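Encoded as structure tokens, here's the structure I'll be asking about.
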Amino acid sequence: MARLGGMYGPDATFLGVPRADLAEPGSWAGTDVLIIGAPFDGGTSHRPGARFGPQAIRFTDYLPHDGSRPHLALGVDPLAELRVADAGDVEMYSGDTERSLRALEEAVLSASEGGALPVILGGDHTVTFPDATGVARHVGWGRVSLIHFDAHADTGDSQFGSLYGHGTPMRRLIESGAVDGRNFVQVGLRGYWPPVDVFEWMQEHGLRYHFMTEIEERGADAVIDDAIAEALDGPDAIYLSVDIDVVDPGLAPGTGTPEPGGMLTRELLRAIRRIVGAVELAGMDIVEVSPPYDHAETTSMIANRAALEAISALAAKREAGATIRWEPRA
Amino acid sequence: MARLGGMYGPDATFLGVPRADLAEPGSWAGTDVLIIGAPFDGGTSHRPGARFGPQAIRFTDYLPHDGSRPHLALGVDPLAELRVADAGDVEMYSGDTERSLRALEEAVLSASEGGALPVILGGDHTVTFPDATGVARHVGWGRVSLIHFDAHADTGDSQFGSLYGHGTPMRRLIESGAVDGRNFVQVGLRGYWPPVDVFEWMQEHGLRYHFMTEIEERGADAVIDDAIAEALDGPDAIYLSVDIDVVDPGLAPGTGTPEPGGMLTRELLRAIRRIVGAVELAGMDIVEVSPPYDHAETTSMIANRAALEAISALAAKREAGATIRWEPRA
Amino acid sequence: MARLGGMYGPDATFLGVPRADLAEPGSWAGTDVLIIGAPFDGGTSHRPGARFGPQAIRFTDYLPHDGSRPHLALGVDPLAELRVADAGDVEMYSGDTERSLRALEEAVLSASEGGALPVILGGDHTVTFPDATGVARHVGWGRVSLIHFDAHADTGDSQFGSLYGHGTPMRRLIESGAVDGRNFVQVGLRGYWPPVDVFEWMQEHGLRYHFMTEIEERGADAVIDDAIAEALDGPDAIYLSVDIDVVDPGLAPGTGTPEPGGMLTRELLRAIRRIVGAVELAGMDIVEVSPPYDHAETTSMIANRAALEAISALAAKREAGATIRWEPRA
Amino acid sequence: MARLGGMYGPDATFLGVPRADLAEPGSWAGTDVLIIGAPFDGGTSHRPGARFGPQAIRFTDYLPHDGSRPHLALGVDPLAELRVADAGDVEMYSGDTERSLRALEEAVLSASEGGALPVILGGDHTVTFPDATGVARHVGWGRVSLIHFDAHADTGDSQFGSLYGHGTPMRRLIESGAVDGRNFVQVGLRGYWPPVDVFEWMQEHGLRYHFMTEIEERGADAVIDDAIAEALDGPDAIYLSVDIDVVDPGLAPGTGTPEPGGMLTRELLRAIRRIVGAVELAGMDIVEVSPPYDHAETTSMIANRAALEAISALAAKREAGATIRWEPRA
Amino acid sequence: MARLGGMYGPDATFLGVPRADLAEPGSWAGTDVLIIGAPFDGGTSHRPGARFGPQAIRFTDYLPHDGSRPHLALGVDPLAELRVADAGDVEMYSGDTERSLRALEEAVLSASEGGALPVILGGDHTVTFPDATGVARHVGWGRVSLIHFDAHADTGDSQFGSLYGHGTPMRRLIESGAVDGRNFVQVGLRGYWPPVDVFEWMQEHGLRYHFMTEIEERGADAVIDDAIAEALDGPDAIYLSVDIDVVDPGLAPGTGTPEPGGMLTRELLRAIRRIVGAVELAGMDIVEVSPPYDHAETTSMIANRAALEAISALAAKREAGATIRWEPRA
Amino acid sequence: MARLGGMYGPDATFLGVPRADLAEPGSWAGTDVLIIGAPFDGGTSHRPGARFGPQAIRFTDYLPHDGSRPHLALGVDPLAELRVADAGDVEMYSGDTERSLRALEEAVLSASEGGALPVILGGDHTVTFPDATGVARHVGWGRVSLIHFDAHADTGDSQFGSLYGHGTPMRRLIESGAVDGRNFVQVGLRGYWPPVDVFEWMQEHGLRYHFMTEIEERGADAVIDDAIAEALDGPDAIYLSVDIDVVDPGLAPGTGTPEPGGMLTRELLRAIRRIVGAVELAGMDIVEVSPPYDHAETTSMIANRAALEAISALAAKREAGATIRWEPRA
């Protein structure tokens, strides 16, 4: 497999970081973080468009695409201090789900085995099944916790008669054993999904979840404290999956299944910062950005910043003894 | 009057609930909640488009239009546990206000007399005059309180020389005696309306109001506590009128007279949930959704969810002894 | 298979015509024209969204959805004079192409066998493979000509490694023998597709094609005269496939693969009118309308009018001895 | 009646021409052309928004708002060579049609009686009833021809039970006798309106009409030649009514009832130029521009240019012996 | 210099206040607040369009443009109680930065010297350099504090090789001495700018800054308390510069360099109200509104309300002994 | 000068052609066509945004960015048969016009001197001054004809007091002598610019021009025949400047100064094909594409196709004896 570049447009990397070719490990030896595009929306149950997510998340940003991003509050430049490279898109034909998912799983596994943290830019949420599977194959089957920001639990049994879709990845992961049910921590759930039988299945399998109603009452910080503790209850490697629809659709309209009443963007960025600072991150995806429904790239920018926030927190964490600048001043 | 269906488009019901024909009471006997479309924007003082509100509120939603909506946090399925039907639109020609308002008032009265809770999908705010009048004719003249979420008080004396318009319904209701001034509780007021003489009239008539500045300082929960207490100070049946512009226009751009600085969507949904849980609801409208100014249906979705939240809370309330699941976990 | 209604939204029919359930032939016995929704975009090579095409084509229109549409220039009311019904959508999961295409083929075959002319609302152009196959199974294998309006020949060998996609349906039809290569008449081709090997394949298989450059030089009327003659050269039943991207993307932006320099809308409507008036129509599809990229429903309206124009011309043709009113007045 | 200025926004004039106050005739004595805004959309049967038409038509344009517009092809500056003033908007509350129409009729009559050519910026097409009535009261009852560019005949009997609306003005004018049926010349009709009984009424009353099908076959120039001859068949003063939906909605999306397959913008501008050059113009309106459905102001600009083209042709006509520069060069 | 009016459109004033001509001081003698348009975007490093900011901020608003705006919560009508006039736009050609900035500086100085508070409507942030310079020339070089709401510090050394741009105005002000580094108080900073060397320069020059992370942790009220105290630490006249991108881009998309995770609109309006109530305001600008990227004018409305909130707070402050109505009710 | 890549976004080339670095001639030795981005909009008199034109023109297109584009009607693959490379953007700060224009002129000269045909992607029309100057410095001062598609003559004397802007480049070229007045051939002029004195200046300097009115009457083919003959009247090298606003703004809304009534896209593409086939092309630019005002990339696609059409015609011309396939079939 030679580097595809952009499946749906020009070949340019996330904010200008160097190119990598997964098929040529030498091209990215020593890389800390590997960006992988998953331009797939064949699993979306409603508005498609997430196939253009990787391109949009990579290309948006008003700053020069120069491979440098000094994080003001954390005092680190994640693209300079870590070795971040971009493997381009995996070819994922939205009309052929199973073949596409296999290709992505292999790509993620390659990254993990090569020692890089995979950061996958979706794509609809179907991709978390191969993403987390690929990570678990490297880290250890059932040895990863999954912190999952989303309006929806994505634990459906099937979707339009198919096992694969953006409403089912979490069930597939639990069924395969890649992730144990108890090691799921979901944050931001709300609205009118899933149906009762699915919710009961979740309870039987011990998933932990935090509704938006809980955030309304306790505040996001308290809920994130709990989520971190739950994720660390057993495994110590964490896979972080951020469905952009956890953010309120008034702020993030460019998504497929918008559910009103979500988190603020700043609550999400802060949560990512805190989680990555507290746990051992083994992989991450940012999914469900649908550019055709976006306006002025506001949703793409949130996803771009979510990726950067995670990488920045990673850099800050590695920088031993550094002053954490974002604490309020005395 | 035979069922009109959709005045401005196809005839399909709110999320797939059964059809009702107001002219044939047998078609909806035993119905708990009756959806009524009020596709009128002849009373808007600025951006029109609310005539397409009923269609948009009914049709939006990424979930199947199957007449089922299990509320995740409340643990009820309002469309399954209550008998909800949709009477379609009332014919309301925006260029002929008085005839349109009479037709709506009769429709709402029919619903109330038939034992169903009318949930009216506007339309501009002019429609609250016939809506609340129809309810008061059934419940008792002056025996209903009105909790009113809005950026604007809508208590003007006249509008472009006319008594009827979206800036005057509350004055008309008080003048007719359908609702007593003291029984008005307004939440979310802000901006630069009304003029001083109108505000003085409001004070003379004893209206209660909660500015956004109060929510900024005390928080929405405390203000809603007060609003509920005030609404229950006398009458025990409540009419709830939700002008979508109470939500910040950054989150709900699809409206006619957007005033920056409003409530968060999640604050509104929570307030509706708490109010319906605490009072006896006699009717409800959701108004001022203007699809031409919306983006990616985000505003329509808030209105759709506002209706569902109220019906869900109603279902939860009726379910005796049920655990209220949305409380934070111990 | 019970009637699905709308796969992605409310269940309402094309402009208010009666419902039909393909699984219950009695529900549409005697129907002349059967509308079938094909909400599939898993085969699109670029911008998705055509899954919402059926809904948009059915619901758009500023006139009442009353099952009546008197065609001004032709002097017929196609929805009143013909028996037109709407079978709703076929369930087509975009992530599972082969299963979806099989379901559509069976639906089209059912319509044809039931004596109704199938008019399929796409969906991306992948659907023409099952559409025309279903028709050919009824009319006769290799006994149908296909007049194909499109910017692209859609004769690719494969797409992202898959045999099925919106770039390959015409090849699949020729390979299976459902339609003979010589019986293909393509109108409106332009731009930078296909590659040379595919074009040579087309020439080897005897396809006829009319580039936009030919329309520029000879005018649309002369080209359509030729296209009709070529289509009638052998078979006498015609399948008409209208890819909305044959229209200039300035006029029809809501599509997946827009190629500048196309036909005017009025040229397309006139061509459809003339073709249907001149040949025996055995089926029709209108594809590649992608609502997320549309503006103010202009593209959906063209597709809606293309369907109506064909049905109107059919009605006018059946009305023996009628004055053809659209000729210029003496 | 003091000058209202802009009913829905700032008070600024058409491209910077001087202000006039209809109530103070001295403020516009000697004016050749008087712009009048008719911000009314209470009569639209579908998409509202035309209330913002006057503002959009006045304000759009990338050139300085300096009251000068040298027409390149005609070699005249209509705003400099004629005395053009802007009376601002008439207050027209869309929810109170009859009062609004009376106010507009008086405004138009005032302009005509004051010796100025009224150019009314709509507003929906309802306004042509008072517009042409006002002109006929001055020029002579039944002594005016009406050339009417439109996709629709607008000769309905009633609309949603009301006599007044954008589908009925031409019937009202004929019924009142203000304009004789034979003196109506309609250009651009197409689509699926009116129903048969209305079309028969048109034929009984002798209206002349030119379908788009005729323009397709004979070309716009030949049709306009006929339209001019028909309009001059009897009366010699002409009222010109331009419904922007005569232009193809792909080019002019910002309108209420878009019907695909219309004229090109350049065909409309050329037709206006030729008509005004050939007849005695007694009044003009440009209607049905709905800014909420426009994109990048393209529709508003067509309307702005339609007004300017008419005024320019008027100026060119008055300039005796001038070389008509827009003929092709030898 | 005669009054230009609107550089890019019609000449109409902020919400209908009287016109002023800077070149004719008699036209605005006794004015308290002078609105000045700065239609310049030649300094923007990414999305242009702020040249249309002044027009959009002036013209938006659903209320009549009648020069009256009674502030509901403060109980004052700022446009009635203060003398507010609008000087129109300064001619600022975006392709010729230095000439443009000089012209603006002179305009601001004229306003200040004439005794009016200048409220400048940008324009990109480049304009704060001439704005604050003009104010400092009147108030006293180095005698003004600058409270600066922004996602970005705008303290760059140069931009694309030029000293002038929207990333450098604060550096230029400090270098010239117009404002002392210690007298800068920045609120809302976040994201990935500036680079380290610029941040070190800021620290060397003693700027005070409050990151969004601080607002997340301490709340906006506490941070604004500190900002006011810091601004008053030395100078007692304050220049307030509001970059609209301090608001979260989900709420305010119409801007050039959107950085996710910002303030809520209501937090900004409240902060302006509190600051103006607490300090002596010497000038104000509202910048970086880019209408081409806005939706439904939501961003322009925030800017309009930010200006009104400041003027309202000014009026409330001058009204001695008035009850401050916006405090929560007892 | 090292290769800048994309001034405002990622560094990717026109449809995937190889990169070139103007400062390293070896990187593009033997190149036939060199793409140069001119991301400048400091000279636009109205809507900015053309700075994003180069990126949009390069990146749009639904086909793979693989450096291959087989032209269907011409039977050539311009990117395969010619050596086409992309030099990236020239750094052009829109706020510093003169420096920016100098840099562009040097880049164009370098390309010409290196033996490559420069194809410049604007940017606003200001850039034609340095573009054509650079070409003339190589080909011969006054030895180049300029065929200029545009709604506007762009021959103004100055703009907002500056010599440089998108309304003046043609005057600057004539004044400098780079292009002789008689060697200007303008096609598509219309509307209300220039003022009389500028038009007289044009006539004095012998410019040839073809109004849209001429195209309306004679057809585009006849006008282009004349334009070619006029361009070849003297010089035999031609510079082709395509302002996208020559196309009707209904089809090409994404531009700064839209003038209704323009050419059809297919007329423009055909004209480019015919001109390049008939003359010796020395350089070309495509300007005034403003992505913020575009919809669904339709305008960018026209510009992309205009560039490809020219390069394709060039390839077809070089292919001696080739059958010109786009002629109508016998």
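When the chains are written out, they are named A, B, C, D, E and F in that same order, and each has its own residue count from 1.
The definition used in the following text is that a residue touches a chain if its C-beta (ideal position, glycine included) is under 8 Å from a C-beta of that chain, and two chains touch if they have at least 3 such contacts.
Remember, it's a predicted structure, so these values are computed and weren't measured experimentally.
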Intersection of the contact lists for chain B and chain D: C, E
Shared touching partners of chain B and chain E are A, D
Maximum centroid distance from chain E, chain identifier (CA atoms): C
Write down the chain pair with more C-beta contact pairs when E-F is set against C-F. C-F
With centres defined by CA atoms only, which chain is the most remote from chain A? D
Looking at B-E, A-F or B-D, which pair matches A-E on over half of its contact pairs by residue number? B-E
Between chain C and chain D, what distance separates the C-alpha centroids? Give it in angstrom. 38
Chain A and chain C: spacing of chain centres that average the CA atoms, whole Å: 40
Chain D and chain E, separation of their C-alpha mean positions in angstrom: 43
Can you list the residues of chain B that touch 2 or more other chains? 46-47, 248, 250-251, 264, 293, 295
Could you list each pair of chains that touch one another? A-B, A-C, A-E, A-F, B-C, B-D, B-E, C-D, C-F, D-E, D-F, E-F
In their shared complex, chain A is touched by residues of chain F numbered 5-6, 9-13, 16, 58-59, 65
In the complex, go through chain F and note every residue touching chain D. 45-47, 189-196, 199, 211-214, 216-218, 248-251, 253-254, 256-262, 264, 293-295
Touching residues on chain E, where the partner in the complex is chain F: 8, 41-44, 46-49, 51-52, 91, 93-97, 99, 126, 159-162, 164-165, 292-293
Residues of chain C defined as touching chain D within the complex: 62-63, 68-73, 77, 247-248, 250-252, 264-266, 269-270, 295-298, 301-302, 305, 308, 326-329
